[in-house]
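Following this line, the structures themselves.
In the two assemblies presented below, chain A is common to both, partnered first by chain B and then by chain C.
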Partner chain A sequence: MSSRTLPEFDLLLPQSIPEAVELLATHGGRITVMAGGTDVMVALKFSQQPAQLPEYVMSLEYVPGLAYVLYDPAKGLRVGAKATVADLLESPDVKQHYRSLWDAAQVFATGQVRNTATVLGNLLRASPAGDCSCAIYAIGGTVAFQGRAGRREVDIDDFWISYGQTARQPDELAVELVLPPPAAGTHSAFRRLTRTSEDLAKLNVAVQLRMSGETCVEARVAMGCVAPTPLRLKQTEAQLCGKALTAEVLERAAAAVAGEISPIDDKRSTAEYRRQVSGVLLRRTIRQACGVA
Partner chain B sequence: MSEQAIVGTNAPRVDVRDKATGQAQYAADIQLPGMLYGKVVRCWEHAHARVKRLDLSAAAASPGVVRVIGPKDVTPKRYNSSVLDLMVSESMHDMLGDIDDQPIFTEHVKFQGDAICGIIARSEEAAERAAAKIVVEYEPLPVYLTAEASRAPGAVQFTPEKPGNLAFQLPEPMFPNHALGGGDVEGAMRDADIVVEDAFYVPKQKQCQMEPHAYVAKVDSGGRLTCWTSSQMPKLVQRKLAKLFDLPMNLVKIVPTVIGGGFGTRLGMISEPQACAMALAVPGHPVKLQTLREEDWVISPSRHPGKYWMKIGFKRDGTPVACDARFENYKGGYYLDASGTAFTAGAWLGGMYRFPTLRYRGESYFTNQGLTGAYRGYGNPQTNFVLEQLIDRGCAELGADPVEWRKKWHKGVGDDGWCPGVTYPSCALDQCLDRGAAAIGWTEKRRKYARQEGTIRRGVGVAVMNHTSGAMPMLLEHTACTVKLNEDATAEILFACSDMGQGSHTALKQIAAETLGFPFDHVQLSGGTSDVAGFDIGAHASRTIYVGGAAVKKACEEARRQLLERASLQLGVPADQLDIRDKRIFVKADPARGIEAEAITRAGVYHFVDPMTGEPGGVPGQIQGYVSFFAPHNSPPFGASFAEVEVDTETGEVRVIELVNAHDIGRAINPAAVEGQLEGGIQQGLGFVLSEEIDYDAKGRVQNNSFTDYKMFGPEDMPRITTILVEDADPIGPFGAKSVGESGLVSPVGAVANAIFHAIGIQFTEAPITPEKVLKGILEKGVRDYASIRGNR
Partner chain C sequence: MKDRNITLHINGEAHSLTVTVNRTLLDVLRDELGMTETKYGCGTGECGACTVLVEGKAVNSCLTLAATMDGKRITTVAGLSDFGRLDHIQQAFVDEAAIQCGYCTPGMVMKTASLLAKNPDPSEAEIRHALEGNICRCTGYEKIVKAVKKAAQTMPGRAAAVEPCKEAVQ
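Coming up: the complex of A and B.
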């Protein structure tokens, strides 16, 4: 059960990144960091057990300079900790160079949530269903943390530890996401299945392919809702690399998916169904990335 | 009938400005001096348990707490939160066996969310904090989630009044052998050439009204209890509360608040008893009780789920010979509405086709699911899902066109409607079928989609339905209405039946203005508190326009009669030769001769005798019309829905492309409002058939009592909608109107299921038809062309 009233906590309102980092260094694990609040507020209203409650909520509301989405052809895309999902949608660079992320952002939650929820928040929530998380995983990149000791960058491949757990240390502030610039011949796509349009995914998949002529020279495939964290399908990727993406290759890749995933029954679907359609969704996403409807 | 100036127009909604600008005051918005805040402590960990120990002391000592009340602090009387028992005669009540089995605070938890005790505090936060300090020890009991489980020998009895946990079955002697219908079903079935039969499951669907339930209650210094509530049935709630708390009705006042959606969930009471019990514990202080969405979800009734078996026999030429059916529904932990849906599901079945023999058995079993009660359609969507799919299976076996078969065999004027002996006075279902079929391109698409290739398959389906306009003769159909004319010839109407957002008060104002011959804006219509408004049973059974509208019309006709009589004296022309338009009374044969209505109403109120001559200035007395109206009929509306769907055979996903709702409405008082009702009905019907169901875990704890996990169709999920208003005036309804409030939801259910059948040749017996079920069906049975089914070959 939720509550109409929030539990008691102290609200911390740092005015700068150093101040935020200082607070984290002091209180560490007793702090819940809040940017958009779309996950934090829900969690607070539903977690009435004292053990689950934070002593402090640190809002980034007054920390300046974190709401950017910046693209540089040489360095790639930088997404600040306070950039919202809606900010991604307003960036023509994201639409042009990171199409899978843009597509994920477009169906992410609802309009109201997109206006408030942050991209980094979606990564830090460490839910296996995050749509932006799935797209970003397939693109690859790094998340930058700021601590007292300085800046630390973690590859997205090492970012999710387990359900709800990331590589962020309690005294670190996640400050930005950096996505590499797409190499020539890069194509990406994102698809998902939901119960109704405005919903969390029951299954989502993102692919990023680098093509040289007809041949796929590099592939990253990420799938959500099929494991405790977003999952990279490396065996499936291996089925694609070095090959022309013929119907037969796609079928083999699709068939490989079921062996890599470990879905469960939950409120949104069943393990059986997820196994049944995961390959189909992958095949369709690859075709979409290649521009074949 | 002369041409109408106001009825039939899209008059602006009377509630739209307040609602759009946030000025509408819902119960939760009410702030009163000295107000306290109530919190009902509920059992969340068990769906079935006994309370072994309840310790209120720590909560009572919590800061800001004024009182904590448990089962021993409130009346030991029990209640039935539904109001069906008030709407039948005493003898019928005894036969139906309705019982009062709900305590205000329970010691036997029968569903998750059952109320344990109440906290009254100076703030909501203080009440919440105190709630966490209530100590309850439970003895868990076995949890029964189905009828099979709860009727098993040795099962814990929910109430000694209902042995075997059978809350209700159609009673003897009204229903011989506990069955509705008649004729030798088994014999006729033996003689049938084609028999179709299956066991279905119909889902537990939630109304999902926008406004969570909220109340304010207060006891004043004279001991009078006032309750602010958004119940759909304020007058019956007044009587229910008076009975529960042993108060004369004049000491119970109901203030109806703006209703943020009902769809049946406010039919009767939800937490009025708890709110009033708290107010009685702190006399002089208003107590506000609000529910959370997740709380509202479990404490307010849902649609009745359950098993629905049906068997239909046909002759080779398509003649239906027998229908045998049994709906075994899963009640929640208490009795409310156990009799209603179990009966009506069969009543709609009996009202649809000319089955020469019919046997329907309806039973309600207690379970530990959340409560079940009224939800828009009230048993009809359940029947539609089952009946209409089996009819289409029969049509496929027979090689019959589903539209043509329905046109041939549906009931119509002169046939018995849902109640034997009450015949249909009007029926425009053939027109609905013809116009709907044309709108969706039925003939061409049925042929085209009967043979397809590829992973994406399309299909079109049809379903029909009959409903009702009010519940005469099964239930009381009584509405009192007063219209008083002000001295400036404007009208004020007092009418207790609530507007739940469906536009009923707007349409009623149109009926009043039309009848009086006054402009729309010169008529005021107020629900009024129970002090002021006359009797009315409330907004349910799609009755507000058909019954309430007839009452408003009659009251206005009475006022109009008096007005014309006085005008007749002045003009020297018989009253029946006069008419009123725009507040001017004129001679029909000579419209230039007339008198302003205001001259008469003013003279009636400001009446003087000329001191010079001693002559009276007109007829004295304020004109008022009053009626205590009992509906003479239930003029059922009919409807036909056509759906086009696309089925993804690799994922099982179903997309509804188009939905045509052609509806036999008699007469649209406000066409835009009627279309709105039909479109809203489609949204909920699509949810029933494709996406909505409340889930429980094995312990009876609800898994999706929020919009995060209970999925209704949103704007992007909705298909292209075409609504067709078939206006063929009913001889009884006001201005020819029949109902439209519930019925738009019903036949989209069957139409979508049948469109899926047409697309992939598979029928699904469990609603909602989710992609998971579709894909399973495809993997087990294989996609097949509709054209390959026996009768179509």
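Coming up: the complex of A and C.
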């Protein structure tokens, strides 16, 4: 295959969620689901082995009612399966209440890709480098799947199984992401390292901290490009919880990072570099979240 | 189903055609409709040479399946000019000599069109952020950024908006 031509496949174009679910129930694992297509199209073009090729591609283009980004102060944020990364940037609620996600969306790929790539697609791609994935992991939330039997919600902590693999079953359609409303005193931030702005990250990190006065009472830290999937750094979080975020505490948290990650050498960076800068990037991201960057 | 009947509204004109489902919008524009003004660069959504507007939004046509574009309004760089008369963005690229080999230019112009439609007065940082998905291998971008600034200054309607203020001062 080349970057020019796509392999042969049958295209399924359901007009509704029930029709899409029915197609998945019938053809299951032989379908590749596509929303924005910015990942699926590239994967199709470069599929090396015929065995990897899907028999069907199912585009959600003509399925109405999935392109929403809706915020409710009591229920949180709902992001539909067809909401694009650009749609997040258009939402003042995302900018105000989920700043880390907004910052990740702002640097995500390029303008053209942001206009078509979906937020759920970024999660479902299950790449360890996904910028929105990293931010969402630190916020916490659930992904809702629709199957013939009904709706199933999976906690983001249980969403990624391995590289490229999620908790979605072949007969399920991912319909929405739900993020909880931020509690009072919540601060979040996202940072990443890349060579050029449109590159995939060589390292990304997101934090969500709940502060009570000077004390951090709850912390979620997610890091990307340091394991087969996005990673939650629970030992690092433990270094922050229940403490005032002094320079010494941040130093200990940064030192804990290297023990939790398993980076590799690849074309974007080296394991050694990633191990060295991961703690520094975490410290800067925490400072950014607390407004002392 | 391996073929689909679709209607594309390209640059204000409806084109009804049958497309094979694994053809991209770029393939259909260039190979089936002969609209070669939109360029094939990388094929993976990184270089921006194939940028067109779909319903006013800049997208990579190399990553868009034509069969999913039924009924959509599509604008290519040829759709900006009016019977051969360049629009203000195209003219600004010529005036600022923001073109060397010219291959990236259609994509650059279309991304600029989408930027200025949302933000008529972008800062240099905003221009560079907007063009991050368009790669040029000749100019070094300086002249392209100047061209976008000039396009913003010469946008139709802008002069009219400024004129009454001048009169008020007099």
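Methods note: the second predicted complex is superposed on the first by the 290 of 293 C-alpha atoms of A that agree within 3 Å, B and C clash if a C-alpha of one lies under 4 Å from a C-alpha of the other, contacts with A are read in each partner's own complex, and residues count from 1 in each chain.
We adopt the following convention: contacts are C-beta pairs under 8 Å (C-beta built on N, C-alpha and C of every residue); 3 or more make two chains touch, one makes a residue touch a chain.
Just so we're clear, the structure is a prediction, and the values are computed from it rather than from any experiment.
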When both partners are placed on the shared chain, which of chain B and chain C touches more of chain A: C
A:41 touches, of chain B and chain C: first, second, both or neither? second
Chain B versus chain C as contact partner of A:270, first or second or both or neither: first
Chain B versus chain C as contact partner of A:193, first or second or both or neither: first
Touching partner for A:3 - first (chain B), second (chain C), both, neither: both
Which superposed partner A:215 touches (first chain B, second chain C, both, neither): neither
Which superposed partner A:280 touches (first chain B, second chain C, both, neither): first
Residues of chain A that lie at the interface with chain B and also at the interface with chain C: 2-5, 196-198
Chain A - residues contacting chain C, complex: 2-11, 13, 34, 37-38, 41-42, 45, 57, 59, 61-62, 86, 109-113, 115-116, 196-198
Of all residues in chain C, those that touch chain A in their complex: 1-2, 4, 21-24, 40, 42-46, 48, 51, 57-60, 62-65, 67-68, 70, 111, 114-115, 129-130, 132-134
Contacting residues of chain A [partner chain B, same complex]: 1-5, 48, 193, 195-200, 267-270, 272-273, 276-277, 280-281
Interfacial residue positions of chain B with respect to chain A in the complex: 42, 44, 124-125, 128, 132, 290, 292, 294-295, 650-653, 691, 695, 703-704, 708-709, 711-714, 716-717, 770-772, 775-776, 779
